[in-house]
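Each in structure tokens, the structures are laid out below.
One chain, subunit A, links the two complexes that follow: it is found with subunit B in the first and with subunit C in the second.
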Partner chain A sequence: MKHGKEKAVYYGKSYLTALLFLLPLLAMFLLFFLIPFISGINMSFYHYNLADPSDTYFVGFENYKYFLFTKEIPVMIDGEPVLGADGEPLMVANNSFYSFWYSLLYTFLFALVIVPVSIFLPLLLASFLKKKPWGYRLWRSLIFIPSIFAVSATGTAFVYLFSNSEDGFINALFNTHVEWLNTPLTAWFVILLLCLYGIGANFIILSAGLENVPKSLYESSLIDGCNSWQKFLYVTLPGIKYQLSVCLFTTLIGYMNLYGQNRVLTMGGPSDFAHPERPGVTHTVIYVIQDYLTGSGKFSLMGRISAVCIVFGLFVAALSSIRLFVDRDKKGGNKHAKEYREYFAKKETHPAQ
Partner chain B sequence: MKKPSILLGIGLSFALASCTPGGVPGLTDSTEGEQPSQSEDKTDNPTSSKPDKESDLKYDQAGNPIFENVEIDFWSISIGSDGLIQKEIVDAFNEEYEGKIHVNRAERRHDEFSSAIVNTVVNDPENAPDIVQGHGERIRELQSQGIYVPLEEAIELSKIDYQRSNYFENILDDLYLEDDSGSEHLYGFPLDMHSNVIIARKDIIEKNGYEVPTNHQEFIEVCQGLADKAYAGTYQYLPTAQTNPDLEWMTSSAGTELYPWFMSIEALDDALTYAITGAVQNGSKMVDERGLPAWNTQSTIDYFEQMREYMYPSDGKRPLIRRSLSYEFISDFYKGNYIFASTGPWNLTGYKTIFDSAIGLGQGGFEEGVAIMPISNLFALDENSEDASKIVGTAHAFSLTRTVESDTVKAACMVFADYMSKQYVKWMEGGHLPMLKSAMEDPALLESDIYKNIGQYLGNPEDFTLGGVTEYYSEVFGLEMNQGLNEVWHQTFNTQTQNKSISDIVNEQYLNSLSIISDYQ
Partner chain C sequence: MPKNTVSISRKKKPIRLNKLAVTIFFAIFCFLWIFPVLYLVNGSLKSSLDWATNPRSFFPDFGYTFENFKILFVGGDQNGAYDYGLDAQPITAWILNSLIASLIHTVLYLVIACLAAYAFTFLKFKGRDALFALLLVSMAIPGVMLTTPQFENVLKLGLSLNIWAIILPGLGGISGVYLIRQFFKGVPNSLVESAKIDGASNFRVFCQVVLPLAKSVLFVQGLFSFMSVWNDYAWAQIVLGYGDKKLWTLQLGLTYLVDVNKGQLGSTGVTMAASIISMLPVFIVYLFAERNIVEGVALTGVKN
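Entry: the complex of A and B
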């Protein structure tokens, strides 16, 4: 038993050691997350010009209002409205408004497709390889390896494969003239294919989950007369529900941040010819943010960009918070203990049951 | 709950500590307070030295500046083959000025140049370049944001012999820009001008009884004639030794579809060549006096309609242009499947080597087989129009960033820029015409192999224009962002917009450009 000063020194040392180990992560967290995050929130309430920080002033919620609700804006040059042929200020569609909402829509729709595919395909492969077919170790590596390659590298290969011209490998192979990256559906299809290069991580997580499902449960289900589908539905799926939850939400968050694949393959295009005010049909929210940051050649939009980031961050956070609800029994920690207590209490009251 | 609260508290303390009145965390400290006064100093009276600071530049008895181990950080947009040539010139400069001035050259890609320079100048000024070589038509964008400063003071300090009249004014005038007070200053020290050229299979054209065209009407006549002959089975062509070991002339079979004119819808250089130069040659202005797009004219519409007609003819004629999304044309050009194509002059030396081996010097090689044509007059529907000979090109120019404080460094930068502008013989190997008028009369250039083989075909320097100076360059031309005139160009040929009138496309994209410009205000 330690007492008084001795105890304080002991705990002091323990805390100091723990702090020492935590310091690198803490420093990174502060420098690259917390401070930028708070700065971003602060910046979103300002007009902030990166090229000239002295041109900074408080605008309140204007940045938010501008891209969330303002559909039309007057053409302004040097602070003066440009007049149309009728002598009235010339009004044009607000690109920021359309870019944000439509890129959010495109991102969300794509996530609706890619997330299930990115879960079920690796699950299918993991289930198959769990049976340990011939060369399963090799297959496992082959499935995982593509996910370690950089998107820029695999994307460049895809650009050659799916080139719009007749010289593209796929077009040349099948003697077709499909403009893969120039039509909305095929462009998204190629992006989806490139995204599937990244299923390796989910495959590993789900494989590990499948290995941990107790064999006794499969044996019991066999005795109960379950067929393969029923075994999958009532034994496998509940057995890997935590792994599924991890895969589901990390994949969802990952694809809400989709940028590299569409950047390399389509540069955000093709254009929506019927609606010139809308962004290219493969613009995702991150693509729009990046466009504003680097593509415009203008640097006075930092406040607005921050506002877009904050709103989008909240949207993704809201989606992620569903996981807290889904995993609540796992995080709770005493659910099973409580069930056991209730079970024994019941048994003591009604011993015949 | 305690730990998150502590973390949040620490974070808030950092954030609040870094906030400044009217400023934004972290970013204002380095520039606030000093930048406005610096900018005022330079823009209001650029030729005067600063009253509150003693100059660090010394002069010898002859009045020449003294340089001792001055280091200059130089960012260049010239990469690839240009970059290699420029590196040689910079190495020669460093050797010649050893112990006096040393230039540290770094390359920056075109698409990252603007953001890289703004980020570095604002957030990391100590590592910002002193001098940059960018594209002249883009200077206005960065000048309007206070990144570049006027050059007159530095030129004065360096004692170099700079006379405005020594340079081609059709480009140089666009490097003189107005500052906030309305006075005009030089923001880009002129280096060169350049544009794409058209290469043509001269041997095939002549074998089929035509001459290399010099204007649009002749150009279309040759294209139409060759396409018709191919379809009729009388087109004569000379494929490469790979499929034609004896290098014999062959005749097409009847029904052959020949698209004489290669045009990539996706290539930016082709958009600059055909869309922008074409519109200008037909009388359109690209920007108005406010810097807004001004290409929404009837002459642009007429020209684009005619171009669409060449690709999708409605009058029973043969199409002259195949809608190509590929950038690759050279192997089909060698085979005689394309007769005309646009290319950067910097590619010509490489093409010559390949062509000489593919067709063989026995047939005259590149010199006899290929004509290099400047793009003057080639797209003007009316050859007598005032602007028919115009070439919308780009220009390289040197600019000083606002981070340069030392007079010695400023002067050294101008000595370097002046030296570079005078290395025009070597620099022409990169396909660039000099901005210095006297260079075009210099026997050293005129008698050089590079001038005889390539330089003389690049066009008359007086025909070059930057197309218009505007701080909204990206939005007006939209070369990188599929907007502006570039998007009009795409939609003119896109199969999905084939039924949309050019007039509608032009109007839609004009409004879209205005929308983007207003959005970025």
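Entry: the complex of A and C
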């Protein structure tokens, strides 16, 4: 009995201290994460008008259907559908449907290009930096620094470097007149260049990873007669596996949320003139969401916008959950034995634990 | 071993050559890499007359000048030939808004996250690891799912068009707690234990033992937090963008300047000057804490 009571007092006291330390975070987490998270899901099932609460009613999956499956909507004037000559309501293409699917397609296609590039380029640079060139701290800083600047600031440089006018820097330099930001492919190319300005973190992480690959492994691979490609494949890559997965997934998730670059460079354009119902060719999903949230009808469209956010959020979450499989530790007998040895070594040095 | 040393000494010459080649590579690459930033600095110092009459050349014809910065703050010369309607931009308000919001956010988040990280590292209570794991799961939930309800949230808190709308929502983030905890784990437990045996309270241990040892993580997380508000465009556009220009942050103002000046060559330098101003604070922080920041970023890629 006595023993139990003491324990309870001990826990009670430590709970109180812990609570004091954790309270600010937990309060903020509750207020700005958990509550909005739940209310966002709730919102997506309503016609939700922030400006006029009486205009809020349950609509089930209508919001989701509207964006995901409704290709055509009736033409409405004063809330009444307009009838055609045959007595049927006139239908027009539902821009929201096309906006969502095409921006998703563009986002995804761009990620297919930018993600490998933002892993390979920093990896290449990091492996060069490992040779410790003179002034390597300066080079490291120069490569890292652009990634801490705001995209709108570095983007300004790219707006004028790749200006559509023939007086733009690149056009003047090569005496060409390419409308860089007005042509779909070159516009995406400039966005890609601006995105590369953000590889700084990947570069530092991979650099540190390369430094930490045990030297003894390289030496023994030298004795085994490995050539440099084999060394890279069997020593370096396994040695930085974790860093690669960190970079891969933060980059992937990061570019799923691509917005600033295309906002400052192209404003989502150029328009797809052959298909007026589709969004501008540099629209990403976040661009579409931002368009709705800063547009004039935003307050009455909260439910619909929430639905897009949740569908896209689930899509991104599914992508990031792949990481669980990539990072899982395959535990063979050898690994267990190693853990066991380490556990005992620890116990001997710190008997208190 | 002896065999190894021989092979290395035989290879000494190519290593030296290698080093030179890599240095030359980095010199060329870094020049091209940093060129857009140089272009901005150079362009911001070219007068509007220069930009309007000779946009094609990199160097100015009429010498370098701080005219563009002056135009930004006090407006263009109303009677001059090169007044590009840039008289009434409230850039001082933009800078102050951004600075105040970023600083308050950084300080608040550092306090909140350090306290929590201390509890998760040095305090023993039942369910600690389970709670932490639960919080970590939240990091996997994409932020986009929170956009609309967060907007509703700040409106309901009465923060419509208020600077606190960009300060508060980030405070519930877990990634900083995770990073700081990684650092705290490097503080020897024996130090904390012995301080406690000497009768120090947890709060004293936190302030006088743990924090001084984890100074570098404060720099790193501080820069990250500062950047998250200072560099933010999307969220500020949602909660402040529909308000009066005076309420905007610097990034909103800068993007606005880029948009309105796109077709006007003469005001190119002014836009560039604004973007230089937006780069300065993070650049200065980086200069002072380069080593710590590089170390901290590297730490984000270390398995716990």
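By our rule, the second predicted complex is superposed on the first by the 315 of 353 C-alpha atoms of A that agree within 3 Å, B and C clash if a C-alpha of one lies under 4 Å from a C-alpha of the other, contacts with A are read in each partner's own complex, and residues count from 1 in each chain.
In the analysis below, contacts are C-beta pairs under 8 Å (C-beta built on N, C-alpha and C of every residue); 3 or more make two chains touch, one makes a residue touch a chain.
Quick caveat, the model's predicted, so the values are computed rather than measured.
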First (subunit B), second (subunit C), both or neither touched by A:G280: first
Subunit B versus subunit C as contact partner of A:I35, first or second or both or neither: both
Which of subunit B and subunit C A:T186 touches, first, second, both or neither: neither
Touching partner for A:M267 - first (subunit B), second (subunit C), both, neither: both
Contacts of A:S221 with subunit B and subunit C, given as first, second, both or neither: neither
Which superposed partner A:V75 touches (first subunit B, second subunit C, both, neither): first
Which of subunit B and subunit C A:L293 touches, first, second, both or neither: both
Subunit A: partner with more touched residues, subunit B or subunit C: C
Common interface positions of subunit A, toward subunit B and toward subunit C: 29-30, 34-35, 37, 39, 43, 50, 165, 167, 267, 293-294, 302
Subunit C - residues contacting subunit A, complex: 4, 7, 18-19, 22-23, 25-26, 29-30, 33-34, 36-37, 39-40, 43, 55-56, 58, 111-113, 115-116, 118-119, 123-126, 128, 135, 138, 140-153, 155, 168-172, 174, 177, 202, 206, 223, 227, 230-231, 233-234, 237-238, 241-242, 251, 254-255, 258-259, 262, 265, 268, 271-272, 274-276, 278-279, 282-283, 286, 290, 294, 297-298, 300-303
Subunit A - residues contacting subunit C, complex: 11, 14-15, 17-18, 21-22, 24-26, 28-37, 39-40, 43, 50, 125, 128-129, 131-146, 148-161, 165, 167, 169, 172, 197, 200-201, 204-209, 219, 222-223, 242-243, 246-247, 253, 256-257, 259-260, 263-264, 267, 285-286, 289-290, 293-294, 302, 305-306, 309-310, 312-313, 316-317, 320-321
Residue ranges of subunit A in contact with subunit B within the complex: 29-30, 34-35, 37-39, 42-43, 46, 48-54, 56-58, 73-78, 82, 90, 92-96, 163-167, 179, 182-183, 267-269, 271, 273, 276-277, 280, 291, 293-302
Complex contacts: residues of subunit B adjacent to subunit A: 7-8, 10-12, 14-15, 18-19, 22-28, 31-32, 35-36, 112, 114-115, 118-119, 121-123, 138, 141, 145-147, 266, 290-292, 324-326, 328, 473-474, 480-482, 487, 490-491, 494-497, 500, 508-509, 511-512, 514-521
